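Two complexes follow with subunit A in common, the first pairing it with subunit B and the second with subunit C.
Up next, the complex of A and B:
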């Protein structure tokens, strides 16, 4: 596929052009930092270096609260989908990879989740790689990297005077076909930036060994030890780009059946009607979170369920660090 | 395209008060739309479950307690334990209710052709085993299996389910039925004691046999080693797991057990399969 360039001063014009045919969802500034929303002016789009929003853009495809059905006279109807196609602009590799991973849950032909699938189908992901890694990120140790390509239709590298666009899918190629072709100098500069973006001291975590050691530790008291300071607030899972658990509830006043993000870190999450709870304490719940990311995903999809975005590390109120926890349990580093 | 979260509209056709205290009732539901009925019975295999759905109360999973040949209805046995089940218990014949299903894998009965079956159940978890037994005891299927032994325990005689059918099973020469209650009662002519102990006494032969165990976790936990002691291999012992489920189709994450989702990959697993999983139960 042919790489393209947009001169820095022409970016807004390109985005404005896209906005004629697409809704453009992009990070914008707010009091709480940056967050994704539909922009009405190209100028709203902001990247702020290698920053990503705390609130994960998985919400674009799996909203925190989503109406499944409107119920009228006992019949269930699915809300209409927005008609316009979308460009998700300025995603980071960690979040695009998360959408790619979650396709294995929601976008499977035999049990298709229509709500996820119809949004994914209409969306093009134009990711911006990170020239240097963010302070809490460790994407380059868990199978991805600051320019990881999975889940993106176009990968953008910021050069000195231009943006360098690599289309990765047919849709990405179509979106960028009218842009200027990149010259060899651009490609060379982009390669350099991509190469120097990773942290030299970082090494790939040995996912298959970690997987093995986690299973060995399953019935040991280590989980109680590492979860002692956990408050059970669930922020690690709500803000995790690959956590997808949800609850289904009926909002009677609104006559709607809704699904809401849920978390395995809550006691009530797995509580059964009989009163039995398979994960009665923080130890079992922390075990579930870590085993799911670093054992079950690896078994099922041959990929870590952690994309190394670092949100759970940076935003945990008691400074729990999933890398440290894995290292304490398995003796193997993620760094 | 099919929406996996959309309930099929059903109507309550018949309600059976199963236990003396009324805590367990069976509900037989019929389909509002012939197309739904056709699709349901085309897919249905004993051991599967459905999400029952009542708008305003939500959804909850229940094992299917009827065999396809019984008629154009689907039976569920519901214990009144909470807000959702209480709403069902208050429902009347003719009321509308939604279902999603059949869900899950069900029993791999095609693998059991030519084998003896030992069916072991306790409490209301007997419901899917009842469906399995009804299915297999039908003349069309019966010839495909060898000896059939059913062991069924309840806390007391008043809490026994499916009484007329179980009574009739004693008359059948082509099956063996053992009923048990936990503590002695006057007039009770059958076994007394917990299911695992009754299994020890009945001591079914493991030769060319398959054992299927469904019951409260504590019963299952103590029955499995007894079967192993009797000589059943982990590949020939099956059980059906329960966990809290919301979606029933492997999306919401709640019933995750290692690499598996109980709702989608189960609820039926062989002991050999379970031995491979971290038992977060």
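Up next, the complex of A and C:
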């Protein structure tokens, strides 16, 4: 596919053009930091350096609370699907990869999640690579990288005077077809930036060995040790771009059935109606989180469920670092 | 040996003399600007203990989780010592099983504010109690501490650890005679009308993702079952709505009336930077004004709202 360029001062014009046919969802800056929302002016789009919002853009496809249907006058109705096509602009590769991973959960023909799929099929992901990795990120060790391509329709590399766009899918190619073709100088500069973006000391984690060691450790007391300082809040999982657990409840007062994010780190997540809790302590709950990311995902998809975005590392109130935990359990580094 | 060297030595001593089973303190974090809670069980590990402005938790939060008969050494700052007192009054810890090592505190730093202040990735950060020294692209950069102190530490009135077994080091008030310091969030809040305050409260709580990090980081939030987790019958809707979230924040704050130790651990745990202490501080101020009650002031007095006496002038108890 043909790579394209947009001169820096023409970016807003391109985005404005896209906005005629698409809803553009992009990171915007407000006093609370940056977060994704639909923009009404191309100027709202802000993305500096390797910034990304703390609140993960998985919420675009899997909102924290989503009404599945409501009952009115004895009949059911589903909320309407988004009418216009969407461009998710400025996702980082860690988050785009997460959407790609979550497609294996929600977007498989034989067990399609309608609510995810109908949003996802309308959306194009135009991701922006990170020229330098963020301090808590480790995407380049878990199968991706600051310019990882999975989940993106178009990947953007910021050059000195222009943006270099690589269409990765047919839809991405169509979106960018009218833009100027990149010249060999652009491609060379982009390759250079992409190459130097990774941290030299980082190495690929050995996922199959980690998987094996985690199963070996399943019944050992190590989980109690590593989870001692865990507070049991939902920061790591709610902010994780690939954590997708939800709970379905009936909001009887409003005659709605709703699904809400849920997290294995909460005590009541696994609490049964009888009062019995098969994951009674932080040890079992932490084990579930680590096993899911680095054992079950690897079993099912041959890929780590962790995209190395580093949100859980940076925002855990007690700095429980998933890399450190995996290393303590398995003796194998993720760095 | 500096003062903290003495603290490590004391921690090693109580472990090797088997006075305690574990010492609670902090160790270095895995990334700059961070520290981790440490549970030290062997005297030889006591030298990994640290204390600086990046130690953002109130470690008393772990006390009610640990078995009641466990003997615990606890390196505590003023707010953490108040939490121990408040927990003992509420029968959540056995004071006789604790050995409290009081330490001076130079205040907790807002790591996000530091990160936002500078350009480029911070590869190392040192807080020496006087200034913050960062390394960015191999270059040293020094920041003044006061501008990065969290509000709770700027307004702290109890920096001296209370009811400890020993105090190591010289406790002194923070020198905040700095005209450039902006008003705290609570001071700003006070300037507004009730309608504007509701607007501010709404803006803050609208960002809430109901991860309950505020609750879990709080030493005084220890209910075996929080009201929001109560499902038979359900006391709070699970759907994240503005009303539900506002109810969560209000009820959480009211449950802290005369109980909150004003450490600010809730705000520091919040991944969405939601302000919360302005409410609990205000409720505590009311407790002081109306009942003369201060959290952590002594070992006996129950919080006013937890006290029932037969001669209560209100009719509902008679």
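Criterion: the second predicted complex is superposed on the first by the 334 of 335 C-alpha atoms of A that agree within 3 Å, B and C clash if a C-alpha of one lies under 4 Å from a C-alpha of the other, contacts with A are read in each partner's own complex, and residues count from 1 in each chain.
Note that in this section contacts are C-beta pairs under 8 Å (C-beta built on N, C-alpha and C of every residue); 3 or more make two chains touch, one makes a residue touch a chain.
Bear in mind the structure is a predicted one, so any value in this text is a computation, not a measurement.
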Simultaneous placement of subunit C and subunit B on subunit A, clash or fit: fit
Touched partner set for A:272, first subunit B, second subunit C, both or neither: first
Partner chain in contact with A:317 - subunit B first, subunit C second, else both or neither: second
Touched partner set for A:257, first subunit B, second subunit C, both or neither: first
Contacts of A:132 with subunit B and subunit C, given as first, second, both or neither: second
Touching partner for A:32 - first (subunit B), second (subunit C), both, neither: second
Inter-centroid angle subunit B-subunit A-subunit C after superposition on A [Cα, multiple of 10°]: 90
Touching partner for A:166 - first (subunit B), second (subunit C), both, neither: neither
Subunit B versus subunit C as contact partner of A:113, first or second or both or neither: first
Touched partner set for A:228, first subunit B, second subunit C, both or neither: second
Touched partner set for A:69, first subunit B, second subunit C, both or neither: first
Minimum distance between Cα atoms of subunit B and subunit C in the superposition (Å): 7
Common ground on subunit A, meaning residues reached by subunit C in one complex and by subunit B in the other: 247, 249
Subunit A to subunit C touching residues, read off their complex: 32-33, 54-55, 64-65, 132, 134-136, 228-229, 231-235, 238-239, 247, 249, 251, 256, 258, 260, 263, 266-268, 313-315, 317-321, 323-324
Contact footprint of subunit A on subunit B as seen in their complex: 1-7, 9, 55-60, 81-82, 85, 96, 98, 216-217, 242-244, 246-247, 249-254, 256, 258-259, 264, 278, 280-281
Complex contact set, residues of subunit A against subunit B: 68-69, 71, 74-76, 78, 105-106, 111-114, 215, 218, 244-250, 252, 257, 259, 262, 264, 269-274, 276, 278-279, 284, 287-288, 291-292, 295-296, 299-300
Touching residues (chain side subunit C, partner subunit A) in the complex: 29-32, 34-37, 39, 56-57, 61-62, 121-123, 207, 209-213, 215-217, 229, 231, 237-241, 265, 268-269, 271-273
